[in-house]
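First chain written, first letter: the chains are A, B, C and D, and each begins at residue 1.
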Amino acid sequence: MQRSKQQPKSLWQRMWEPKDVQSIAPAKKVLTYIVLIAWTFVVLFPLYWLFITSFKLPIHVSDGPFYIPFIDFQPSLHAWEYIFVDLGSDTLRPYMNSVIIAFISTALAVFIGSMSAYALTRIEYKPKVGSIMGFIAILGLVVYLTVSIKMAWQLSLSIGGALFLMFIFAFNKHFKRSLNNNDILFWIISQRIMPPVVSVLPIYIMFQQSGLLDTHFALIVTYMAVNLPIAVWLMRDFFARIPVDLEESAMLDGASRMRVFLTIFMPLAKPGLAATTMLILILSWNEYLLALFLSTADAQTMPLMVAAQNATRGPQWWYMSVLIVVMIIPVLIAAAFMGRLISKGQLGGAVKG
Amino acid sequence: MSIELKGVRKRYGSVEVVKGVDITVEDGQFLVLLGPSGCGKTTLLRMMAGLETVTEGKVYITDEDVTDVLPKYRDIAMVFQSYALYPHMTVAENIGYPLLLRKTEESAKQKAIVEAAEKVHLEPYLDRYPRQLSGGQRQRVALARAMVRRPRLFLMDEPLSNLDAKLRGHMRAELKHLQKKLGVTTVYVTHDQIEAMTLADKVAVIHNGVIQQLDTPRNIYNDPANLFVAGFVGSPQMNMIRGVIQNGRFSSVAADVHCQTMQDHSDAVMGVRPEDLTIITDTQSSQIGTIKARIYSLELTGDETIVTCSIEDKVEQAQIVVRMPPDYEEQIDAPVEIAITSERIFFFDDEQGSRLRDNSEQALVNDTAMSAMS
Amino acid sequence: MLAADKEVQRTRAPKRKVDFRQWLDQEAPKLLILPTVLIILGLAIYPLLLSAYLALSRFKLVRGGFELKYVGFRNFEKLISGSQQYHFVGTLGEILLWEWAIISVVISGFGYWLWRYFSGASKKKVTIIGSIGRLITVAVFSVLTILAFTVLNDTGRPGSLMVTLFYVFAGVSIQFAIALGLALLCAQNIRGKNFFRMAFFIPIMVTPVGIAYAFRMMMDMSQGPFSPVWHLLGLGDFAWAGDAWLARWVVLIGDSWQWIPFLFMVLLAAIENQPKEQIEAAQLDGASSWRVFKDITFPAIAPVAATAVLIRLIEAFKIIDLPNILTNGGPGIATESMTLHSFIAWRTQDLGGSAAVGYSLLFIAVVVCVSFFNFIGQRTAAKGA
Amino acid sequence: MKLAKMMKPGTLKKLSVALATTTALGVCATQAAAKQYDGVTVNVMTFTGPQIAEPLQRHAPKFQEMTGAKVNIITVPFSDLYTKLLTDFVTNTNSVDAAVFAPQWMVDYADPGYLENLSSRIAKDSALEADDISGFFRSFSTQYQGQPYMITLDGDFHMVYYRSDVLKAAGLEPPKTWDEYLAVAKAVNGQDMNGDGKADYGSCISKKRNAQAYWSIMSIAGGYLQGKGTSQGAFFDTKDMKPLVNNEAFAAALNIYKDTSKYAPADEINLDVGDTRSLFISGRCALTLDWGDIGTLAIDPKSSKVIDKVGAIALPGSKSVLNRETGKLEACTATSCPHAVGGVNRAPYAAFGGWSGGINASGDVKVKNAAYDFFSYVSQPAQSNADVTKGITGFNPYRKSQFNSIDNWVKAGMSEEAAKNYLGAIKDSLNSPNMMLDLRIPKNQNYQQVVLDTAIARFLAGEIDVNQTMQSIEEGWNELNEDLGKDDQLKLYKATLGQK
């Protein structure tokens, strides 16, 4: 076969073609850096602006824009003072609430979610369509009884429970169709699609009835519930990649399922756990709508504090900035800590379809 | 097309993995780079492909300096250890991908795909996805993909190592057949010396980034250049016994061997292949030399029995392996006497690993090397 | 050795007497999944049913409490054809001839897809669930297509439904494109990779409420940090907040700023997870970097990308903080998403209306997400496995 | 520290002798009850400050010292306060014992019986000096169906503020009609009003959706809609509950409202009342429409650049008024506008009605008493007279004594002239026989914050024209009337206007 000798490269070619495989073409490299640095600016500039705004006096904001402290404007600690000295415990309380609620609910969601994820990867479930339909019908009946007939919820719930048990034993045999693990999984994840506005009032009433409104417990349970689907979904993919031999050998050695899960699966899925934890932590740390309704004073969280800085006197940018800046810190620390556990590529593996 | 490496070196930071290699592969030749893992053989191959930069030295393909040429311009096909098949493409699409990139006309492309598939017996599987194929079939897809565009050069990076033993033997034959039929220059990397011996026109044994010996398989086996080559090539391994050469005799704790032409050497290693040994009864004797040993284990392979014996060495307990007829039987721990049956004994320097030769032998080696080249 | 094994057996034997433990182990399959099922039933299904009831009733305060009056589908009628039509569906405009042409092309496309399924041309088994699912998908997407043309032309105006779909589809595609681009750049062998990776991840950690306020500052044309730029461009006295589409884009920019990091991290990880040899093989075959991306990298990361996009889709439907704080849904109702619509109705005790909007959102989100999951997610997963 | 400053004897000395004695009495009265409230905790909810919440938080420790009752101030964002309270009441959660909220919302809370009727307590409470509270607040704003449910803590009135220096320099008079308002805005628009070299604006009115912008349109429309005195009402025809929003008068108001945008910042449509306030006090606007807050904010040296450059007037009016029979706008006559001055019919709008405290009816008697005493304490002249002069409190004057004691204001940093002008504008509004009352019928939030606000927002955004806007409001209001029972609503509407 006839092949021409290599042509001398033009300048254009040399710019767009790498010298060798290990390097990047000069023009491409320049472009890459331009884009990456530009995006770094896009990402960091709003944060920088928040940061310096927290040191600005109102007059600096309304006369603005001022960019560089000490040169453009004389920074002042007034906003930090207001938030941490004047408000003092009024800032600290929501802050601690946020920390407690976000971290505990995340830990619970990840643990319970992992448990179910493990079960869904290793155990085959066959829930009967009939019993599910029956259950939903009975739940509907309970709702109807409570809301429409104004029956006490305890009573209607027990009626529903009794009916369901009767139903299970009496009719379940007649339903042949059953669902599989994928159906269960999709059912779980579909719960995440529901906008919180739809469910917040019933949840409010539930906690109000049980006297748990405005407690850490209420928020922890609710956050755990809304984030559970994500935990199940992500963890399932991690577990699916752990070889079956491992647990089989452990089970032959006499370990119980729970033990296998705790001592084999959890440690092996550490990177996945870290990635999932991070995502859920971020979601619960920043949640606003549910917190708004389920907390009044004692359990108020930080996003409410931030939102509240928009008063009738106009948004208090300086106070707000302080709060936003201090709100990022715990998540950053958590991210740095988790980051060490998340080895390269684990998050990608986590969401493998 | 020939490929030539001149003084090629590769450094990663301060670690040098290829330390000045010169190789020439003639047109149509099948060269195998043989060496243990980590010896730099894959790096060498990747430098030929252009997938690694060359720190120092030059790479020529048919006299054209391609040292700084990107892989895509080198017109090389490579088969990877993992096959690197595209999982989202069917077998046909995988094979046809190089042609797609060359914008080959559709009908010609289809023809070429079918032809390539025929050569590796894959016609029934053209519509399947790689995950639906067995290991051997995947391997053949990778081969077909490499062949389909008739490259100047085939590079293969341990292509058979993921296959089971039986399939490996089969594929080896196929590979050799195809390479000869197509006549494409091929460089093949492996750590398996049987593959090297069976496939190669020439073998380059590499260790620590340096070519230890570049020769025909026959010469590599019959005339290893040094202790490393001698030990690496051959299965079961060559037996090594440490001792002293003195007055035309090699003596060790358990061994006593004649070697009239050798000069005296105080730290010598004697190498002898298992097939050149036999266990003798008290009544027999050896012209060349004997070794005293005890039976350690017996392994019947079918056509022969591999006998492992333990001996006293100069330094430590050692083992030597003897090939015996399949009907040979003996108790474990029984003391035996092993006779050397052939003149094919090699001596090395224990420290340097270099071959110890006498003058006449030296001349002989040169002669055979010359004849092999021509 | 054998004796020792027996020892082990013997020491283990008494364990069997601990019935509770054994029962626990036997029932482990159920116990493992029970907490999740109970929590979801209690905090998702039960509220959902209660809300369903709300959506069908009118909430009214009366002396000594409140009253829920069953009104059937009146709340939905109000949204779709009644007094809230402009708000939810949008102001319907006239569809021009050429628009009809596009609509009919799109719908016949859906029709062809259905036909392929039912005629067996797509080589898929025809099942009842599959048929119903496809019929619903086609119906919903056809209606949405017609609606898009009706409300997005000069004579019509989009309501919260179409605005939400704009945020979802435009938002997710833009975010995906940018995240993919950044991930590809970051996956290269460049210095400072780790710095970029870390920096790009930060926005997702900022609370959405905070992001919304930060972007209000950013987008302030007169006192914001970029005001000199706007002045220079002669736009100093220009207001994005007064223009419906600009305001929507500003909301989208804020949303993208927050969510690109998520997609970026996932895609970057997927790219780096990809076997290097596949790329090298393609390079040897003479593929340009674009071809490598198009033919090798993208198909390889597609399953991961599909799942990430699905997660993103789910969250995108719930967008509320940004439009709420940036514009309060204004100008007019231009930036109002369905969740915000629902929230505003909720805030003024129109609980029925609020639940009705929420349910409509749930329905559309489920159809879109399930369609995506089944018809795109599955396909990429099947090919990429 | 702040408390000490506030209680400085100097402040008290300046007060009239009569006031001083009654204050002392009030403190004594509450002190006598000290033992009674030991161990009582009162949770008071309001929106996140510093406005409103700040004075409450500041007074709470002192109150505890005197009475033993611990007062917790719980704050939630303004936009969520209404729902938060309602949900708390409706679900019987009762985590809130008392709240400071907009009196307009009282209708929805008082009607189902969630709020405590305060009439007997007020009657017994001499320290509150209820008579000193301006009649509007005392007998309209805090009452529902003739019964008081709240205690006024803040006086709120929509007024027009102008930059006295800018208008003077341009040789312009403060506007008396809305047409003049536009003319003034046009004349000064584009001038540099704060010396930063940038062009400033003729008018800034908060027009952001889902905020407090819906009050503004009614402030403008008032003068066109209501001519025959307060009891005529400006929202519905008292004959048949027909909304007064689809006629020439409302169209005129809409046009004025939209035209003000021509002389306003480009993003006015996205400014809420906080934004326009900070624009005005940083000297960037010549005119604005706002509550009493600007008066005190403008004298705050920390943020204001317009100290002593601000004037206030009661809302401008119109020279023609709506004929409700024909829906046409007709020139003012003695019969159609009996209260017109110089041919101009003004209808000062008592928008919002001032933040007031209400008490949860289902609480413990002791808690309710303590909550009442706390509100009373904050409202007593000794506390409130100083509070209303400070911008940060968000409290605006509502007591007769506050309007009369100029000294107090001068002390706070206003020039005497400015104080007279500011207080005069409020007094003018309060005393106007044609004052326009707020909508106080059930679900008024839906009428105003949902239907009216949305339609106005769409109108400003150019989504719909004047006629469509009016139609949409009319339809929305009619729909609500139908839903809630037109006759019931009419009855309640007439009751709030004092009609039988």
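In the analysis below, a contact is a pair of C-beta atoms (placed from the backbone, for glycine too) under 8 Å apart; a residue touches a chain by one contact, two chains touch by 3 or more.
Keep in mind it's a predicted model, so treat the numbers as computed, not measured.
Undergrad: Once the contact rule is applied, which chains count as partners of both subunit B and subunit C?
TA: A
Undergrad: Looking at contacts between chains, which pair has the highest count of C-beta pairs?
TA: Counting C-beta pairs in contact per chain pair, the top pair is A-C.
Undergrad: From the centre of subunit C, which chain's CA centre is farthest?
TA: The chain farthest from subunit C, judged by C-alpha centres, is B.
Undergrad: Go ahead and note the Å separation of the Cα centroids belonging to subunit A and subunit D.
TA: Here the centre of subunit D sits 42 Å away from the centre of subunit A.
Undergrad: Between subunit B and subunit D, what's the gap in Å when you average each chain's C-alpha atoms?
TA: That pair's centroid distance is 94 Å.
Undergrad: In whole angstrom, what separates the CA-based centres of subunit C and subunit D?
TA: Measuring from centre to centre gives 42 Å for this pair.
Undergrad: Where the CA atoms of subunit A average out and where those of subunit C average out, how many Å apart are those spots?
TA: The answer is 15 Å.
Undergrad: Touching two or more other chains, which residues of subunit D qualify?
TA: In subunit D, residues 80, 272 touch at least two other chains, as defined above.
Undergrad: Return the residues of subunit B touching two or more other chains; collapse runs of consecutive numbers into ranges.
TA: Correct list: 50-51, 70-71, 73, 75.
Undergrad: Give me the residue numbers in subunit C that touch at least two other chains, ranges are fine.
TA: As it turns out, subunit C has residues touching two or more other chains at 283, 346.
Undergrad: Following the definition at the start, I'd like every touching pair of chains, please.
TA: A-B, A-C, A-D, B-C, C-D
Undergrad: Would you tell me which residues of subunit D are touching subunit C in their complex?
TA: Subunit D reaches subunit C through residues 79-80, 82-83, 86, 90, 108, 111-113, 208-211, 265-270, 272, 442-443, 445-446, 449-450, 454, 457-463, 472, 475-476, 479, 483-484.
Undergrad: Quick check: in the complex, which residue numbers of subunit C touch subunit A?
TA: So the residues of subunit C in touch with subunit A come to 12, 21, 24-25, 28-29, 31-33, 35-37, 39-54, 68, 70, 181-182, 185-186, 188-190, 192, 196, 198-211, 213-218, 223-228, 257, 261-262, 265-273, 283, 301, 303-304, 306-308, 311, 314, 317-318, 320-321, 325, 338-339, 342-343, 346, 351, 354-355, 357-359, 361-362, 365-366, 369-370, 373, 377-378, 380-381.
Undergrad: Please give the residue numbers of subunit A that touch subunit B in the complex, ascending.
TA: 1, 3, 5-6, 17-23
Undergrad: What does subunit C use to touch subunit B in their complex?
TA: Residue positions touching the partner: 275, 277-278, 280-288, 291, 295-296, 299-300, 302, 383-385.
Undergrad: Residue numbers of subunit C touching subunit D in their complex, please.
TA: 58, 60-66, 83, 86-87, 91, 157, 221-222, 237-242, 244, 247, 327-334, 344-350
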